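One chain, chain A, links the two complexes that follow: it is found with chain B in the first and with chain C in the second.
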Partner chain A sequence: MPASQTVSPAGVEEIIARHLHREGPLLPILHDLQDHFGCIPAEARPAIAAALNITQAEVHGVISFYHDFREEPAGRHVLKICRSEACQSMGGTALGEAVLTLLGLGWGETSADGRITVEPVYCLGLCACAPAAMVNGKLKGRAEAKALVAEVSA
Partner chain B sequence: MKLYLSRDAAAKALGSEEVAEAILSEAAARGIEVSLTRTGSRGMTWLEPLLEVERDGVRHGYGPMTPETVPALFDGTLDGLGPVEAIPFFARQNRLTFARVGLIDPLSLAEYEAHGGLSGLRRALGMRAEHIIDEVKESGLRGRGGAGFPTGIKWDTVRLAPVERKYIVCNADEGDSGTFADRMLIEGDPLSLIEGMVIAGLGTGATQGYVYIRSEYPDAIAVMQEAIDIARANGVLGDVMGSGRRFDMEVRVGAGAYVCGEETSLLNSLEGKRGVVRAKPPLPALEGFLGRPTVVNNVLSLATIPVIFEKGAAHYAGLGLGRSKGTMPIQIAGNVARGGLFETAFGMPLGELVKDVAGGTATGRPVKAVQVGGPLGAYFAPGQFDTPFGYEEFDGAGGLIGHAGIVVFDDSADMLGLARFAMEFCAVESCGKCTPCRIGAVRGVETLDRVAKGDASAVPLLVDLCETMKDGSLCALGGFTPYPVLSALRLFPEEFAAQQEAAE
Partner chain C sequence: MKDFIIPWDDDRDLGTPAKTGAPVTLSVDGVEVTVPAGTSVMRAAALAGIGVPKLCATDSLEAFGSCRLCVVEIEGRRGTPASCTTPVAPGMVVRTQSEKVKKIRRGVMELYISDHPLDCLTCAANGDCELQDMAGAVGLRDVRYEAPENAALANHVTPRNTSGEANPLWQAKDESNPYFTYDPSKCIVCNRCVRACEEVQGTFALTIEGRGFDSRVKAGGPLDDFLSSDCVSCGACVQACPTATLQEKSVIELGTPERSVITTCAYCGVGCSFKAELNGDELVRMVPHKHGEANRGHSCVKGRFAWGYASHPDRILHPMIRDSIDEPWREVSWEEAIGFAAARLRGLQEKHGRKSIGVITSSRCTNEETFLVQKLARGVFLNNNTDTCARVCHSPTGYGLGQAFGTSAGTQNFDSVEQSDVVLVIGANPTDGHPVFGSRLKKRLRQGAKLIVIDPRRIDLVKTPHVEAAHHLALRPGTNVAVVTAMAHVIVTEGLYDEAFIRERCDWDEFQEYAAFVSDPRHAPEAVEALTGVPAEELRATARTFATGGNGAIYYGLGVTEHSQGSTTVMGIANLAMLTGNIGREGVGVNPLRGQNNVQGSCDMGSFPHELPGYRHVKNADVRAIFEQAWGVEIDPEPGLRINNMLDAATSGQFKGLYCQGEDILQSDPDTRHVAAGLAAMECVIVHDLFLNETANYAHVFLPGSTFLEKDGTFTNAERRINRVRRVMAPRNGYADWEITQLLANAMGAGWSYAHPSEIMAEIAATTPGFANVNYEMLEERGSVQWPCNDDTPDGSPIMHVDGFVRGKGRFMITEYVATEERTGPRFPLLLTTGRILSQYNVGAQTRRTENTVWHQEDVLEIHPHDAETRGITEGDWVKLASRSGETSLRATLTDRVSPGVVYTTFHHPGTQANVITTDFSDWATNCPEYKVTAVQVSPSNGPTAWQEDYEDRARRARRVLPAAE
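Now for the complex of A and B:
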């Protein structure tokens, strides 16, 4: 996961400026901000709105539409488990439940110590080696609950 | 020693990076010189990580490899699979779109050209725009993203639009469960997608392209970006092959919204808006990205263009069944003994794919149902296995081929649970613009929960609700979610009633 950097207005401005030449720059800006800060910092919204000549409400509307964008940083480890049909056919539902039980978390929750966030994902394109998961950006085919939990318990 | 190992995401997910490391360190320890080429995947996912060793010009397979089997490989005691291209799953395919995937280094322009790459583009550069369109029309190519719309006709609409700036947008949002062909193509042969997009530009007069890739595909995003840089540095993009014609392109990354695979939602997302669906008309071909004429095509549609120009439209159109011309990269997934990518001419019966090609279930239990075409596709039962793989044939059987993903379930599948999941997925992913989808899906989940609790009167309600969603939704998300739900109900009515007895 990207190390969350402290938010500085200059940092935000610089990221925005990198994408202004693009046609439709908002998603690239949001991705870049999130890669950099671990979330879309609230402080960034007025700057984005001003740079793109849209309202802050519109910026918020876009951020909230997409599952990927976070308003708060995720845990240090992010575990995504596929819930879609091909994974279900290979025990994906049981995998998800086992992981949530082992971690004592619900879908989308972050542990109180900020160590781990578990999220559902709807297909990782690993449907021929299901069930699938992603641990801190690394893909796992034929995933097993204990091994996944071990990886995020460090 | 000349070795090849896939760097496809599925191979990585099964440990190819650890195998690569073990090979290099074992070779170093033994003082053996090896060249290890990283390729895309041959599509035999059950054999990944699949290592290939070249002997007398023939590539022999070993897999699935683990770091522990590497010493035996060097000792010459590891059992192999024989020549990779003779493995029956591979040998019975007809690979056109995927001809180079798994064979070459995806980022080597020289290998790309040595295997037929750029010959289609060279031919297209010598043709007038209308002849390029005619070639695509004659090939019979239909959109591989799901709707099956004739690609040549779409291109012609854009060509004829009297606007200067036009776009080619490649839809690589591939959100359907059970599909991964777009991902494999981009990771294994990204230059063919670039070549296809350039030809689309020449045919329509578009000069700028975008590839919209879902964020769940980090490997594909990285490979695509590198491939574009290589193509630009070598004059494939920019001033196209020194012809004076211009075309350039850029990768854009989605943000985890299934509905953004729908073309108008995708265009809104590209523009930096919420990915809500637009009402049609206007067609994107006339008013698409930023209101300008835009071709939106699936990865496979565009990546098939080069081979059509290389071998000629007649060659492509000569394959297939009825109005389903050419080949389809079929993705076999879920509970199967041999899962992966199988490209073949349209027409193979579903049962042959499931039983002979895929070898039945991974668990060894009987096949209960097969979902074809992703989360919006119908379930099929073994009684329908004679349905030939084709657009009209599947439509006639009450289903759709969609993006050609086949997900197999064994007899432990809970069809009521799967129907509920279809509604839940639609509720989670609805863009919210139309009521039948946004509200209907939520009601669908509630109604199925009533059925599960034994309320028989909820079944006709569910059927009614599905009709409303079919007729009243703005796009196929709400409009097609009833397919899996109603097919599960039709094929396995006892599972929607048995609950009731249990509750009584």
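Now for the complex of A and C:
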């Protein structure tokens, strides 16, 4: 995960400007903002709306549609555990509960020290190796709670 | 729902919009039907009389295909396509009912209902709910989804789950909008509201937040509610909603209406058709009528919701009189009031002469009422002292277009904008002043038409979501003629004019002369740049865009007419249209956006002192003869007094009595002190209005008026469309306005005997050629008709000047720029221009008495931050606004919508008295006041000025009413 930067209006404007020439620039702008700031800062929304001549509602509709866009930066580690049917049938539910218990967190929460965020995900395309998880963007097949937690303990 | 069935009033929802392709024949459930190519299978079925169950489709919106309830089977095709998104094909064989689709529909419906509250009996939409109807139509008998053991069934419906914990998926009702509520628990996420906001209204205030089971309708951004979002409360979403999710508060309070009457909105000049829906004589809601040809089923916050003034406690329901304006009012009987007024008027005429009294007709009243008021002056007072509030708005339009084309009216219908390629908006603010037309225009602009805005202020259209003007010329107020002539200069000198059109349709010699005039280098954009503040290159580009962009349409408003050169600008606009060949077909034309509902009609009806109905000069003996024969009186061949002449004559003692129907001249006319002095000098001022308006402070007789809901008649909108106004309830004041005028006329000995407005229309048709074939039976049958409607054009005239101009050859006129006398200088360095806002209407007499005040509680002064800074003014400060005429105070707001050197305000609130500031300069031809340019100074202030406090005090005293003496 890239370290999140302090949000500055100039920084937001610069990122938006990079993509204005594209056809359908909204998603590239949102990705770029999140890469840069670790989330889509609330301050960026009016700037995006003004630059693309769309409304706050439209910006909000797109951001809220994608689970991966964040309103707050995530912890240093992001652990995603699959809760879809195939994984459920291979102990995914238990895996999720075990991880949450070990970390003392609920779904979507970030630890107080900013170390780790745990999120549910619905299918990682790794059903053959269920239950599946993802740690900082890397897939983990036949995941086990303790191993996952160990990986994000640093 | 209806108390009577009108043949053209087929309100069925056909599911998807009409298309215009070549005919295609298909078979639906064995019924052959022929529809235009591009039509959906759903619409074709509906046209064949077969309804396919649906939830997310409605015929005001493009098909969306999300609910899957409208699936059908089509021979030779696999699966079960959605009938809303499947276009028809020749020979297609469709089956809307089969075991397979019935099962699918029930399954879909079962899922919908599993997450919908089953409180139908106490729901505000009970009986008016498409979800309920569809559950019935698909035969849903059971919902099998149950909560798993030891757990709640996830839903959006219950605030708490079975174990008493708060349900995180449940959201409370949003009641922030004064007129409707949003209840997320009833939402089926059909997207109709979101699509209506986008496709119909063009505001894009709504979205779907989240995805899947979490999806919710959301107004604005994460922290917004409906009121704080971009929502303009047009009501399109409420109308589109199939459930009680978006519901009028009036329906929640009063229940679903049981009957409806089609009528015409009494606000702006768009003239939207509405269905007034009632229980008994209690109005429950106003719903835009889908077959209304001006609005095509759309509405704005005023017409849709702001009708509460009709039952506001301020409304006066009993006639009142007083001997002098220092006295309190006395409530009296109609007989006494009318007798008092008639005696005084007759007395004044005996003492001061026949021409010492006059009338002012209203652009708010019906054609029939206006006709009677001017008839009162001409046929009973026996003078031509009749004027109308159109004097102060569109009189230059009547004059300018009459001169150029031969008719004093716009050339198009509103549908025409759908064919425009370049739209030039000059001195108008359609999204605020004419919102329904604004939405129709924005729809066309989103389809790719180009927009040019000429306005000192950056109006919303210049840049609003999904719309951006190609050019915005932010000219200095008062330089319209220079800019329009410079555009003509570019078009002529660069050879961009339509020679073939001009040779065929206009006077070629006059054109030569005109071309020589505009080609003079002093009219070049470069030469006028310093004067107008418009960069020359931008002006050149604008002229090229307009001349070469295809169908060019010009829409203009009071920013054109309310100037010392208002008539000249109108002629300049007509010149531009003729130069570029943009007259006489769809998508082009010159279109005045009329401020009030019946400005066009009040002008047509002979309200002006020099014109008899149909714009015929009183000096013409043949025209007078028509009316003399009809009315049995001799008509004065001398034109009468204009409003400002009446006031001048009053102050000098020659004009003594005025009958003023439905206009508040004290608030709306320029230079308030002058108006007040004129009124105070009169001995009998009769105000006929809904409320004790500002003018009534100077009145001796107050005749309570009726609202548009309480009378029959017709309004004529900006596209010359004669629309019926229908009585939906008895007048609360006892009489419709035309009856009151008749009572007054008869008390003065007229002997009129109209029993219904249709008889007045018959008289209008008999005397006025453009209305010759208009009658109420025809309007019942067709809904509306655009004049001229006579033997030459029995179906009316949607587009004018199709094969030739009414006057013969189109006339090019020289438009020399003459600077207004009103100039800035060291004492008054800023230019004030005025306008209006969406939620308020004109002097606000109606809208201030509705919940619309949540959007606009007071008039504020827009000032550029540079001008504010040099004066030490910050946001929200009280400032003093002073001109050569007077001064007033109001709050300032800092914005770069206005250029440095220009300030702007609205005139909706009497407390502000914006017209204390405006001067009595006026249009050279028609005396239309120069509201749009006043040299002013702005300085910090502590609060209201002495004038405002005096005025408040005076108004309070003038409004005292004695308890009825019984």
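Quick note on the criterion: the second predicted complex is superposed on the first by the 154 of 154 C-alpha atoms of A that agree within 3 Å, B and C clash if a C-alpha of one lies under 4 Å from a C-alpha of the other, contacts with A are read in each partner's own complex, and residues count from 1 in each chain.
Here, a contact is a pair of C-beta atoms (placed from the backbone, for glycine too) under 8 Å apart; a residue touches a chain by one contact, two chains touch by 3 or more.
Fair warning: this is a prediction, and the values are worked out from it, not measured in the lab.
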item	value
Clash or fit (per the criteria above) of chain B with chain C on chain A	clash
Partner chain in contact with A:V152 - chain B first, chain C second, else both or neither	neither
Which superposed partner A:N53 touches (first chain B, second chain C, both, neither)	second
Chain B versus chain C as contact partner of A:F65, first or second or both or neither	both
Greater chain A contact set [chain C / chain B]	B
Touched partner set for A:L139, first chain B, second chain C, both or neither	first
A:C87 touches, of chain B and chain C: first, second, both or neither?	first
Which superposed partner A:L124 touches (first chain B, second chain C, both, neither)	first
A:R45 touches, of chain B and chain C: first, second, both or neither?	second
Chain B and chain C footprints on chain A, overlapping residues	61, 65-67
For the chain C and chain A complex, residues of the former touching the latter	203-211, 218-222, 224, 229-230, 463-468
Parts of chain A lying in touch with chain C, wherever the complex brings them together	42, 45, 49, 53-61, 64-67, 71
Residues of chain B defined as touching chain A within the complex	9-10, 12-14, 45-46, 48, 174-180, 183, 208, 215-219, 250, 252-258, 269-276, 289-290, 331-336, 339-341, 362, 371, 375, 405, 407-410, 413, 417-418, 421, 425, 428-429
Complex contacts: residues of chain A adjacent to chain B	22-28, 30-31, 52, 61-62, 65-69, 84-90, 93, 121-130, 132, 134, 137, 139-142
